[in-house]
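Inspection log for the structure reproduced underneath, given as structure tokens.
By written order: A, B, C and D. Residues from 1 in each chain.
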Amino acid sequence: MASSYHKMGLHAITPDRIISSGMLTKEYLYLKVPDGMVAYLGTEGSAHYIESLGLHPIPINEVNESNMDKIKALLFLDDEGFDWKDGLNKAINLMRKRTIPAIVANTDHAYPVTIHDLSVAVGGLAMMVENIVGKKFIRFGKPDSQMFMFAYDLIRDHRPISKKEIVMVGDTLQTDILGGNKFGLDTVLVLSGNTLPKDVDTRVTASGIVPTYICDSAVVQPEMF
Amino acid sequence: MASSYHKMGLHAITPDRIISSGMLTKEYLYLKVPDGMVAYLGTEGSAHYIESLGLHPIPINEVNESNMDKIKALLFLDDEGFDWKDGLNKAINLMRKRTIPAIVANTDHAYPVTIHDLSVAVGGLAMMVENIVGKKFIRFGKPDSQMFMFAYDLIRDHRPISKKEIVMVGDTLQTDILGGNKFGLDTVLVLSGNTLPKDVDTRVTASGIVPTYICDSAVVQPEMF
Amino acid sequence: MASSYHKMGLHAITPDRIISSGMLTKEYLYLKVPDGMVAYLGTEGSAHYIESLGLHPIPINEVNESNMDKIKALLFLDDEGFDWKDGLNKAINLMRKRTIPAIVANTDHAYPVTIHDLSVAVGGLAMMVENIVGKKFIRFGKPDSQMFMFAYDLIRDHRPISKKEIVMVGDTLQTDILGGNKFGLDTVLVLSGNTLPKDVDTRVTASGIVPTYICDSAVVQPEMF
Amino acid sequence: MASSYHKMGLHAITPDRIISSGMLTKEYLYLKVPDGMVAYLGTEGSAHYIESLGLHPIPINEVNESNMDKIKALLFLDDEGFDWKDGLNKAINLMRKRTIPAIVANTDHAYPVTIHDLSVAVGGLAMMVENIVGKKFIRFGKPDSQMFMFAYDLIRDHRPISKKEIVMVGDTLQTDILGGNKFGLDTVLVLSGNTLPKDVDTRVTASGIVPTYICDSAVVQPEMF
């Protein structure tokens, strides 16, 4: 992700300054799942950090009667990298038969793939499985405050800072702005594909989610950082 | 479906006595979609009645930019017969771009495939699409009263009958018993895989859905009909 | 209600031609609750038909430990006529302790009291109680097809008619138009306080609920009937 | 609250060691609402901290056309201290007419008043208002991680501590245990009125919320602290 910012000339955005819900998933596994097999929905790449924790990752399509009892957690990581029909049915039966935590490393239900088209995100698939199984899954991502806390803690490791000195910038009312507001930050809504200038008033009024500032575009100079 | 009852020796159950949510979908199309293309998720067999209505069925995986504008309705018929990833993403983008009705011929979110395992039903897939798209889909099936009305009308075509003379028999509280109760019928809960004897008290109390009678098993003599 | 139409000069609308969700509640009680006490939230007037069924109505605020065991059903009839705090807490504890049906004779969560202001409807209060108690309540009203069926049956008592000869006229997409569409009727959305001309396109697109016709105003001549 | 612990002989629990969702509400107001009127549902006592922030508290029943435009936020603090019918209708119309934040200082929908009876909590009332108004309210309380973060920060002000050294003790799966697990803590479910010994296995399996330890009772010696 950092490299895509570098292409835009934003060299101050180094990988260690980007926070993702994967980091919270990793922290959760480190703290709560000491050893054993962890099943996942996603690409092999999305599961790379599981082994570094001393856990044994297993793709959902490889779960079967003989290994099911050894699985300690189920991770929803990515919508790519597995057969949906087989994988979702296996996820449902795994969660019905075993009492293990399911962790969703993405709160979005869909994401844009082109300017016109959406794709179902792994968070949307997880919502369907959760609804059918009737159990409570653990979700990491905005607007949940744990995501903001994680970032806030990282910043405070560098220097003392109060919430009054931070602004949250984002293009989506339901995640970036709602989460930032609740965490006590000033918020800047940047108008983009997710929130178009012509819709912004209607959406703010309808949702009741009010950014402190609204900004026409996210054109920023690298030296601003 | 009638043939499976025949194997059980229940010869009085002829095809014209079986009512399915497909019949309501067919009636809906007859009344509300006079002509044009209808996209569907399901097997070719599940879509057989579309052509008999003078409509042109098109499998969801064949929907594309060039034919999208001709589609008049989207049907969720069956979880088999199409590629889930491609089909569900196409269903989402079709419903986002076009203002057409989506009809779900199945209210279940999952169904048993073996004594131990469930599969996601097309009603579960439709629930995910509906949630992502944010539009209101039309669902046919129990506990909706339209299903009961359809059956009640068919019976009254044969002879006058009052609701006090009918009982609804079923094995699921949330569909059979809830729908029968609401429609004003006496209801019989038959204990089976869906509601086990050891769970029945807890489930009735927790759901607040109370059958008039509870029956240990559905063993019936053909001559009872 | 008929008298308010008479003031508008619509004398063809006689009381026997008006259908309300109260009629379905009355039919439900007649078919499913043969005798005993029935607790209700609402005015004394809203409960008038309970006694005519041979049942004994009791206002929710008079429910207590000594009579609770005799109550056979709980009815949500009206937001007026009882103390909310005491009544809602009593409704919750009654539904937790007893396994009896709760019937909601109104699907709206709120209703307009002036051109600017809403009031919580008894359907909104019932939704809160249902959510806290976790049991399934029985609701009568649009868009549920039972309401349309009841009307359709009444019309057919006078003369044979097909669904293709009936239109549903209403001012609300989520109830009148959705219910009419699902029942297979052509639908007419009349623009009014509930759906303003400036909002109609956005709302149809956002909800996916499409009326067959849209009509600027409901100005009708009595001789039209 | 501290005094009730003192009566039990737990003198180590001083007021500065008790964390409540009111503290998060206070922090939110301090960070996000610099001045003006704040309307509230609750007792005068529950609103005591509003004035100390330089804000002007106004009970919901005193909101009217003339002061409505000056109100900067709506707080749901307590189910006592106001007339429900007038207050809830005023809350709905205030949130429909004004684009201001609504803050709910309690995530519970109901709470026990005796061993047998529940009362609707202000969180239950807020849920009804939120549902009718269709806007997103801000909720503070377990299982939200912000509550755990607030406590964690307070502890770290005294001494460095890792999450592996903390356990979360509580009697409710959906709030204490779910929140503690997600925050990465070991969790102890104490069996009490909220989770009875006979129900614990069923509830853990049904909810999928698994405590690290289950403990028969919360009998603790003061010297344990």
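Heads up, the rule we're going with is that a residue touches a chain if its C-beta (ideal position, glycine included) is under 8 Å from a C-beta of that chain, and two chains touch if they have at least 3 such contacts.
Worth saying up front: this structure is predicted, and the values here are computed from it rather than measured.
**Q** Give me the chains shared as neighbours by chain A and chain D.
**A** Neighbours common to chain A and chain D are absent.
**Q** According to the touch definition, list the chains common to the neighbour sets of chain B and chain C.
**A** Both-contact set = empty.
**Q** Would you kindly give the rotation angle relating chain C to chain D, two copies of one sequence, based on a CA superposition and rounded to a multiple of 5 degrees?
**A** My answer is 180 degrees for the C-alpha fit.
**Q** Is the contact between chain A and chain B built from the same residue numbers on each copy (over half shared) or from different ones (under half shared)?
**A** At the contact between chain A and chain B, which are copies of one sequence, the residues are largely the same (over half shared).
**Q** Measuring from the mean C-alpha position of chain A to the mean C-alpha position of chain B, what distance in angstrom results?
**A** 35
**Q** Any idea how many Å lie between the Cα centroids of chain A and chain C?
**A** 42
**Q** Residues touching two or more other chains, restricted to chain C: which are they?
**A** Residues: none.
**Q** Enumerate the contact residues on chain D facing chain A in the complex.
**A** These residues of chain D touch chain A: 27-28, 30-32, 95, 99-102, 133-138, 144-146, 149, 163-164, 174, 178, 181-185, 204-210.
**Q** Residue numbers of chain D touching chain C in their complex, please.
**A** It is residues 79, 84-85, 88-89, 92-93, 96-97, 109-110, 116-120, 124-125, 127-128, 131-132 of chain D that touch chain C.
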